[in-house]
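Take this structure first; my questions come after.
Chain nomenclature is as follows: A, B, C, D, E, F, G and H, assigned in order of appearance, with residue numbering initiated at 1 for each chain independently.
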Amino acid sequence: MTKDRITSILEGYKAGALDLPSALDAFKGFPTTELGYASLDTQRELRVGFPEVVYCAGKSPAQVRGIVDALLDKGCAILATRADEGHFAAVGDLEGKLVLDRVSRTIRSRRDPEAGSERRLVAVVTAGTSDIPVAEEAAVTAEACGARVDRVFDVGVAGLHRLLGRIDGIRRARVVVAVAGMEGALASVLGGLVSAPVIAVPTSVGYGASFGGLAALLAMLNGCAAGVSVVNIDNGFGAGYQAAIIARDR
Amino acid sequence: MTKDRITSILEGYKAGALDLPSALDAFKGFPTTELGYASLDTQRELRVGFPEVVYCAGKSPAQVRGIVDALLDKGCAILATRADEGHFAAVGDLEGKLVLDRVSRTIRSRRDPEAGSERRLVAVVTAGTSDIPVAEEAAVTAEACGARVDRVFDVGVAGLHRLLGRIDGIRRARVVVAVAGMEGALASVLGGLVSAPVIAVPTSVGYGASFGGLAALLAMLNGCAAGVSVVNIDNGFGAGYQAAIIARDR
Amino acid sequence: MTKDRITSILEGYKAGALDLPSALDAFKGFPTTELGYASLDTQRELRVGFPEVVYCAGKSPAQVRGIVDALLDKGCAILATRADEGHFAAVGDLEGKLVLDRVSRTIRSRRDPEAGSERRLVAVVTAGTSDIPVAEEAAVTAEACGARVDRVFDVGVAGLHRLLGRIDGIRRARVVVAVAGMEGALASVLGGLVSAPVIAVPTSVGYGASFGGLAALLAMLNGCAAGVSVVNIDNGFGAGYQAAIIARDR
Amino acid sequence: MTKDRITSILEGYKAGALDLPSALDAFKGFPTTELGYASLDTQRELRVGFPEVVYCAGKSPAQVRGIVDALLDKGCAILATRADEGHFAAVGDLEGKLVLDRVSRTIRSRRDPEAGSERRLVAVVTAGTSDIPVAEEAAVTAEACGARVDRVFDVGVAGLHRLLGRIDGIRRARVVVAVAGMEGALASVLGGLVSAPVIAVPTSVGYGASFGGLAALLAMLNGCAAGVSVVNIDNGFGAGYQAAIIARDR
Amino acid sequence: MTKDRITSILEGYKAGALDLPSALDAFKGFPTTELGYASLDTQRELRVGFPEVVYCAGKSPAQVRGIVDALLDKGCAILATRADEGHFAAVGDLEGKLVLDRVSRTIRSRRDPEAGSERRLVAVVTAGTSDIPVAEEAAVTAEACGARVDRVFDVGVAGLHRLLGRIDGIRRARVVVAVAGMEGALASVLGGLVSAPVIAVPTSVGYGASFGGLAALLAMLNGCAAGVSVVNIDNGFGAGYQAAIIARDR
Amino acid sequence: MTKDRITSILEGYKAGALDLPSALDAFKGFPTTELGYASLDTQRELRVGFPEVVYCAGKSPAQVRGIVDALLDKGCAILATRADEGHFAAVGDLEGKLVLDRVSRTIRSRRDPEAGSERRLVAVVTAGTSDIPVAEEAAVTAEACGARVDRVFDVGVAGLHRLLGRIDGIRRARVVVAVAGMEGALASVLGGLVSAPVIAVPTSVGYGASFGGLAALLAMLNGCAAGVSVVNIDNGFGAGYQAAIIARDR
Amino acid sequence: MTKDRITSILEGYKAGALDLPSALDAFKGFPTTELGYASLDTQRELRVGFPEVVYCAGKSPAQVRGIVDALLDKGCAILATRADEGHFAAVGDLEGKLVLDRVSRTIRSRRDPEAGSERRLVAVVTAGTSDIPVAEEAAVTAEACGARVDRVFDVGVAGLHRLLGRIDGIRRARVVVAVAGMEGALASVLGGLVSAPVIAVPTSVGYGASFGGLAALLAMLNGCAAGVSVVNIDNGFGAGYQAAIIARDR
Amino acid sequence: MTKDRITSILEGYKAGALDLPSALDAFKGFPTTELGYASLDTQRELRVGFPEVVYCAGKSPAQVRGIVDALLDKGCAILATRADEGHFAAVGDLEGKLVLDRVSRTIRSRRDPEAGSERRLVAVVTAGTSDIPVAEEAAVTAEACGARVDRVFDVGVAGLHRLLGRIDGIRRARVVVAVAGMEGALASVLGGLVSAPVIAVPTSVGYGASFGGLAALLAMLNGCAAGVSVVNIDNGFGAGYQAAIIARDR
C-alpha cells in the first residue's frame, strides 16, 4: 500500500467521500483478485517492478488456465514456469497470445521482439549440456523482465580452455548466471574471472553422491571466490529474475 | 480401562459373579476387535474423546473395507485418511453412508450438517494453492471432530498484504492451523500476528533444497515467534485433530 | 495496530488535530522501544496476550541488563530464558524484583504466589532426570503466563509402570507437555493415554545416534498417536508458552 | 576351513596321497560353486549353521533360477528373499518343491510341517498392519531356521492396552522381534516389558519426516530400554535369522 | 505387575483385608522409590532379570550419589555407566563396596570373583586400540550380569591375519560383541566367520567423514553377513547387556 | 591477463626487446607475490575491481601479519575478516594505519570518511540482536568497497510491525542484505516487500534443529519470494561484497 | 595450450604470417568443436592422454547421436557411458563401427582385439552379483584406455573364503578396483591384502539405511586400510579411467 | 601368509620336524607382536610394501611410546600421524632417532637425506594457506614411502592465474595430490589440466555449510573431470600413501 493510497483514503474520509467503515475497510489489504484456490497479486508489477509469476508445479491444468485468464483479463503480462504437457494443453488455444516453450518449460506472453539494451546484458553460462533446461528457464525469465541475454553453454571446468576461450564475452555482462550440477565448480571459477556479480544455480544433474544437486549447492555456497550468491537447486527462474533486477537501469 | 471398570470387576469377583480366571482375564486388556491383520480400538472415542481414525496408506483396499465394516458394525463414526482410488472403489457401494472426498483424500461418515459452534472455530490457512490438499485433510478432520473451520488459502508471505488483508478473520479463531511448504515462513509470521495457538504443518510442496518438506519443517521448528508447534510433513490429519482437541469446550 | 488506533488517527486528521505528515507517520509502525541493538515490543502483552520474552543466548550481559531495565521502566513483566552466569551477574542487584533460577536458567519477575486456577492446569512430564532443566523452563514459562503446573519427572517408557502409576494425575491436566530425549517414545505413549493435547519437547539428552536430539525430534514428529505436536529440541519455553495459551480461559 | 580339513590335507601330503601342487591348491579357498555371476557358498550350512540365503533384489529372474537350480543340485535348502513377480515366475514350475509366498516375498523349500520346539519360540510383534510384510519375512526366515514363531500384529503404542493385553504371550518367547515404522516406540516399550532379548526392525512405513524409516531406526538405536539391538530398515530377514540363532539349543 | 500380585489383591479384597480404595490404589503402579528427580525401579531385577543401571551422563554427582545410596539401601546391585571424575568423587568413600573403573567409566558393586560359566561365554572383540573403552563398558556390563568375557583387542580387518589368528577362540563364545569405529567392517567379517549371534557396536573413533561414528553405524546396519544386529554408537553397555541376556542359561 | 598485456608482449618480442624464453615466461601467469605459505593476488583490485581480502581463520597471527605487511608494501588497501585476538595483537602496532573492529572481527585500512553516494546505498537488516556481528561484517565490507550502508537491526518477523515501521527506509536502498538465524523468514518477507535484489545471509544463531544455521539456510533457499539469493551461513563478507558490486555505478 | 603452440604463434606474428588480430585470436582458447548444445574437446586425447568420454544421462538421443557423429568425423575414439535404450537406438545403424553393451550401458568403438599388456593389468572385483553392471562399466572403460582387465565377481566378505581363494590372482594386478554396495567392507579387506593401489567404487546396491549407496561410500572413505581411494557412488567409469591412468606404462 | 611359508610348513611336517599340533599352530595367523592394547603387524612392510603406520589419535602417550619402542625393537621404520603435544613429549628423548614435526603432526624415523627419484615425483597442491598442515601430512608420508615431493601451496581457483602459472611444474609429477577445503574445486580443475592420476583430499577448512569438510568431499566425489579419486576429509596420510604406491617403480 503506497503513501499515495493512504493519502487518498485519508482525504476521502476527511472530505466525507468515505464513511468510517469504508475507510477502515480500505486498510484491510491490497487489492487482490480472489479465485478461491488462488489469491492473485495483480498489482505486483506496480509494487515490485515485475509481474506476478505463476509456478505451475502442483497446480492443476484447470487452475493454471483460470489464473492465466484472470491475469490476461487484468492486462497483466504472463510468465508461468514449470509447466508440463497438461498445462501446455490447457492454454493451447491461446497460442496466438502466448509462447509455449518446452525446453525451458515456460508459458509467456508473445511480445514484439524488443531486445534489452546492452547495458542490461546478462550472461547465462552452463557447465554441461544437461544443464540447458535450467539455464533456459533463467534466460527466458530474464528476457521477460527486460534483460538481454547471452547464452554460453557446455563450458565446464573439466576442459578449462572452453571457458577461457569465451571469457571475454562473458565479461561484457552486467550479471553472470552460472548454471552447473555435479560439483558446481563453474561458479567459483567464474567468480574469480569476472568482476560482475555471479548468481549460481546448482542443478540436479548428476548421480550418486550428488544427492539431487546437494553437492553442487554446498560447493557453490562455500565457493572461495567473492561476489557469488546462490539460489535453490534447479531454480533458473529465481536466478533469471534476480539477474534482471540487478541489471535494470536505475 | 476406567476406574468404574476395575471397580465392577472387583465387585463381580467378590460377589462370585466372576470366577478367578474370568477376573484375571478381564485385566488382560481393553476390548479390541481383532481382524487378524488389525486390532481395532472400538472404545477409543470413549477413552480419548474422538473415534479411531483409519490410516489407509499401506493397507490393501480389502483391509480398509474390512476395517470400515467392523467399525460401522460397532456403530463407530468413520474417518479414513490417505485413501487412494483403490480404497475409494472398495467402499464405493457405501456412498450412502460415507463421503468420498478426493481433494482431502478422506472417507468419512455422512452426517447431518451440524456446524460446530463459533467457540470452536479453527482457521486453516495456506501459503499457496498447492498446499490445499493437506489443508483440506486438516479441515475435514477438525470438522469430523466437531470443530467449525474457516478456510483461508493462498496467502503466503511473498505478498504479505494478502495475509494482512485477512488477518482479522483469522484472529477470531480459537486455534490456527498454518499450512505451508517451501520456506514455511507463514507459521512464524502468523505466530507474531495472532494470540491463539498456531499448529504448523510443513508440506512437501517445493523442489530442490526443500528436500521433500524438510526445509519447511526445520523453519517451522525454529520459528522465532512463540505459540507455534509443529506436526509431521503433510500431516494435515494430525494438525486438524489437535486443533479440534484444543478448540473443544471443556 | 488496532482498529481503535486507526479510528483515532482518522478522527484526529479529520478534526485537524493531526496534519497529514503526522497522520502518515502514525502508520509507520507500532510503538517500539529502540535500544539500537534491540527493538522492544512493549505492547506485545497487549497485542498477543503475553509479555515479550528475552532470549539471552547470544546477547551480552550488558545488552540483557539494558533490555531488562527498559522493560521494567515500561512496567512490563520480565521473563528471560537461556541465561548464563554472566547474565545472572548483570541483574544480580535486582534480586529483590527478580527471581534468578539456575535450574531452568530463567530470570523472571518476583510476583505474589497466585496459583493459576485448576482449569488452567498443565502437566509437565519428563522421561528422565536429565530432561529436568528443559522441563523446568517449560514449567516456569507456563506459570509466568498464568498456568498452574503439575510436574511429573523420570517416568520414561523403559519402566512403563512408573508412567502408568501416575497417569491419573496427568489426565487431570488441560494440556500435557512431554519432555524426552533419546528415542522420545514418551510423547507417543502419552498421546495414546490422554485425551488432552500433548506438546512434545525433544531434548538433546543422549549420545551417538541421538545426534543432539534429532532422533527424539523425528520420533515425536512421526508419533503414531494423534493429538501430539512438537517444538524445537530443548525448547521448553516454546512448549510452556503454547501450553499456557491453550490452557487459558476464553 | 576346519581343523579337520587342514589335518586331512596335511596327512594326505605326508602319506604321499597329495603332491605339493594339490596340497597348495587345497589351501586356496573353501569349495564354492561358481556360476560366473555368483559364487555360491554351498558349505555355509556346515560352517555357520544355516543355509546360504539368496537375496533376489538386483538379480535377474534367470540368475535367481540358476542359483536355485545349483543349490537344489547340491541338496541345499532354499530360502530366497525380496522376490518379485519376475522371480516367482522364473521358479513357477518348481512349486512342488518350493513355497512361493507373496506376502513375505520369499521362495523357500517346501518341508514337512515340523514345528520348532517351544524352547525355540520367537515372538514377532508389529506396531501396525502395514508392517506385516516385513514381519512375515522375519517369521518365515526364523521358521526356515528351525524356530517356532508366535505372531502378534497391530499392537502399537498409540493404543497401549492392545500391547498390554497380549504381553503375557510375548513373554513366553526366547527372543522378541519388534517390527515398527513411524516413531518405532514399540521396541523401547517392549524392551521395558520383557526380559528376553529384543531385536528391533525399523520399517519404512510412514511419510514425511520418517525419511524412509530413518526416524524409526534412530529411535530404536536410542531406545532407553536395555536389551534391544537393531537391524537395517525393513530387514525382516536379518532379524528372523538372528532370532533363530539366539533361540537355537546349544 | 505379575499374575500373583493381581491374584493376591483380588483375594485380599474378597477376604475383606483390602477395602476398595486400597485395592484400587494397588493397581496404580509398580512400587518405585521416588527421589523427586528420579523414580527408581527397585524391582527391575525381579521383573526383567537384571538390576536397574544408572546412566550418569547428565546427572549431577549429588544425584548419582543419592541414587546409589537408595539402591544400596534396597539391597540392589550397583552398575553405573558414563561416570566422570565428579561422579567418581561423589562415591569415593564407598570404595570398599564399589569398584571405580576409569577405563570403562563404570561404578559397580565389588563382588567375590565368581566367574561366569563357560556356557555363558561372551567374546568382546575390537578393531583398534582406541575402541577399548567402549569394549570395556561392554565387558564389565556383561560380567555384572553373570557372563564370562573373553577380550580380543586390536584385530581390525586392515590386517586380516590378526583376526584369523584368533578366530578359534572367538568361535567358542555364545555371543560375539564386535566393537569398531571408522568403517566398522569388523562386524561383517566376524558375521561371516562365526555362527554365534554378533552384536555390533559402532564407535565414534575416526575423523572427517566418520561423522562421529555414523559411518561405522551405517556400515554395520548394512552388513552383508547375516546374524548381526547393532546398538547405538559407543553403546558398550547396551551390547554387553544384550549379550548377557542371550548367553544366560534358560 | 589483459589484451593490452598480450599485445605488449607480442610487440616486445617482434621488436626484439624480448627473447623467446622471456616471452614464454611472460605467459606463465599473472604477477603474484609469493610468501611461501601464501600466494597474494596484488593485482586483484585491478582485475576484478576490489582488493584481495584476507580470511584470517586458520592462519597464524604471524602469517596474517606477513600478508598485511606485503599488501601494505604494494600499496594495497587492507580488509581482513574473521580476525581473533591473536590476529588483532599481531597488527596492534599498525593501529595508526588500520582499524581493529572487534564487533565485525575485521581489520581494515583507516581511510578518510568519504561516504558512498546515495546511489550506492545498501541496507543491512537483521532479524535479531544476536545477528549483529554477521551484519557488521557485511556492512564493513560493503563500506570498504565504496558503498553507503543503512543499518536496520532487530526487526524480525515475530513482531512484523517493527519491520513494517522501517520498510520505507529499506526501500531506498539499491540492494538489501537480510541477515537472520533461526527460521530465516526475514529474507522471504523482505523479498516480497522491496523491489531491489535481496542477498540473504543465514546465521548460526539458534539451537536444536537450527543445526548451526542449516534451517535458516534451507528456508532462505526455498523462499517463495523472487529476487532473493543466498550466501553461506554467517558469510557477512560475501553478502557485503556482492552488495557493493551490485550497487556500484557503471 | 602447449609451449609449442605459443612458440608457433609468436614466430608467426614475428614473421608477419599472423597479423595482430589473428594472433590475439589464437590465444582465445583451445580448439573445440561447437555443436551449440555441446562444446566438444576434440584434442583431449592429445592433452590428457585419453579420449573425451560422452556421459549420456540427461542428453537426448539426438544430442548423443550428434556428438558421436562429430567425434567420428574428427577420427576420435568413442566411449559413451550411461546409455539407455533411446541412446542405443539412436546409434543402432552404426553397429558396424560401435559396440552397444547393455550390461555396462556403454557405446564404444569396435576395435581389433588387442589385449593390454600384463604390466597394465587391472583387477575388477565385486562383492556381489548385483554390483556387476557398475563393475563392467569400470572394466570396459579401463579396456578402452588400453588396460588388461581381470574380473573377479561375487567375492564379498560375508564368505571370506571366496575372496581368499582368489586373492593370488588379484595380487598380480597393478591396480585393484573394488566394487561393493551395502556396507562396502570389501575395499578395506582388499586394502589390507594387496600392495597395489585400490580404487573403491561404492554402489547403490542395498536398501534401507544404505541410503542409495551412502553407507558404502562412507565406509570406504573411512577404511582403516591404507592405499584405498574412492570415487562417486556407481561411478564405474571414474574408477576404470583412473585405474587405466595408473596402470599405463610411463 | 606366503606360498613359501605354507610349503615350508608342509615340508617340515612331512620331514617330521614339525609335529601335528605345531603345524596346525602355524596356520593360526601371521606373526604379530602383542602389546595387550595393540596387535602390531611387524611384517606389514614385507607384505604390503610399506611399514605399519601408527595413528596416534585416541591412543595415550604411553601407548604410543610402547608401540614406538616395540617397532624400533623389531627394526621397523617409524611413521606416526596425528600426534599431539602429549605424544611428542612421550618420545622426546628419542629425538636423535626420530623427527618430531609439529606442522604435519607426525613422528618419523630420522633418515639420511635420500631423495626419491624423479620418476617417483608426487605433486602436493593446496588451494589455500590453511590447507598446509593436511598437505604436509601427505607430503611427509609420501616421502617416508620413498617418493619425491613437489609442494605447490595456495593456488586455489578463486585466482586461477596462480594455478595456471605453476601448472607446468605440476604436470611433471607421476601423481598429483590436490588438497582443498571450502568448495574443493581445485580437484576438478586440476583433473582437467593434468594427465596424471589426481588424489583429492577434502579438508575441514571452511565454516557454515562446509559442514566440517562435507561440501568439499561431495564436490570432489562429483567432479566432472575424470582421473580423480578421493580420500577421507583431512586424510593427508591416506593420499600420500596411495600416491607413493602409485608412483613407485615396478
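Brief remarks follow.
Please note the rule applied: a contact is a pair of C-beta atoms (placed from the backbone, for glycine too) under 8 Å apart; a residue touches a chain by one contact, two chains touch by 3 or more.
It should be emphasised that the depicted structure is a prediction, and the values quoted were computed from it without experimental measurement.
Using the contact threshold fixed earlier, the set of chains in contact with both chain A and chain E is B, C, G, H.
The chains that touch both chain A and chain D are B, C, G, H. Chain pair with the larger contact count among A-C and E-H is E-H, by C-beta pairs in contact. Per-chain Cα centroids separate chain F from chain G by 40 Å. Centre to centre, using the average C-alpha position, chain A and chain B are separated by 38 Å. Each chain gets one centre point, the mean of its Cα atoms, and the points for chain B and chain C are 26 Å apart.
Mean C-alpha position of chain E lies 49 Å from that of chain G.
Each of residues 128, 159, 168, 192, 208-210, 214, 217, 221-222, 226, 232-233 in chain D touches at least two other chains. The full set of touching chain pairs reads A-B, A-C, A-F, A-G, A-H, B-C, B-D, B-E, B-F, C-D, C-E, C-F, D-E, D-G, D-H, E-G, E-H, F-G, F-H, G-H. On chain B, the positions that touch chain D within their shared complex are 1, 28-30, 32, 36-39, 41, 44, 57-59, 63, 202, 204, 212-214, 217, 232-235.
Within the complex formed with chain B, the chain C residues making contact are 47-50, 53, 119, 174, 192, 194-197, 199, 217, 221-222, 226-233, 237-239, 241-242, 245-246, 250.
Residues of chain E touching chain H in their complex: 128-130, 132, 153-155, 159, 161-162, 164-166, 168, 205, 207-210. The part of chain B that touches chain E in the complex is made up of residues 3, 6-7, 10, 13-14, 20, 23-24, 27. For chain H in complex with chain A, the residues that touch the partner chain are 127-128, 156-160, 182-185, 188-189, 191-193, 206, 208-211, 214-216, 218-226.
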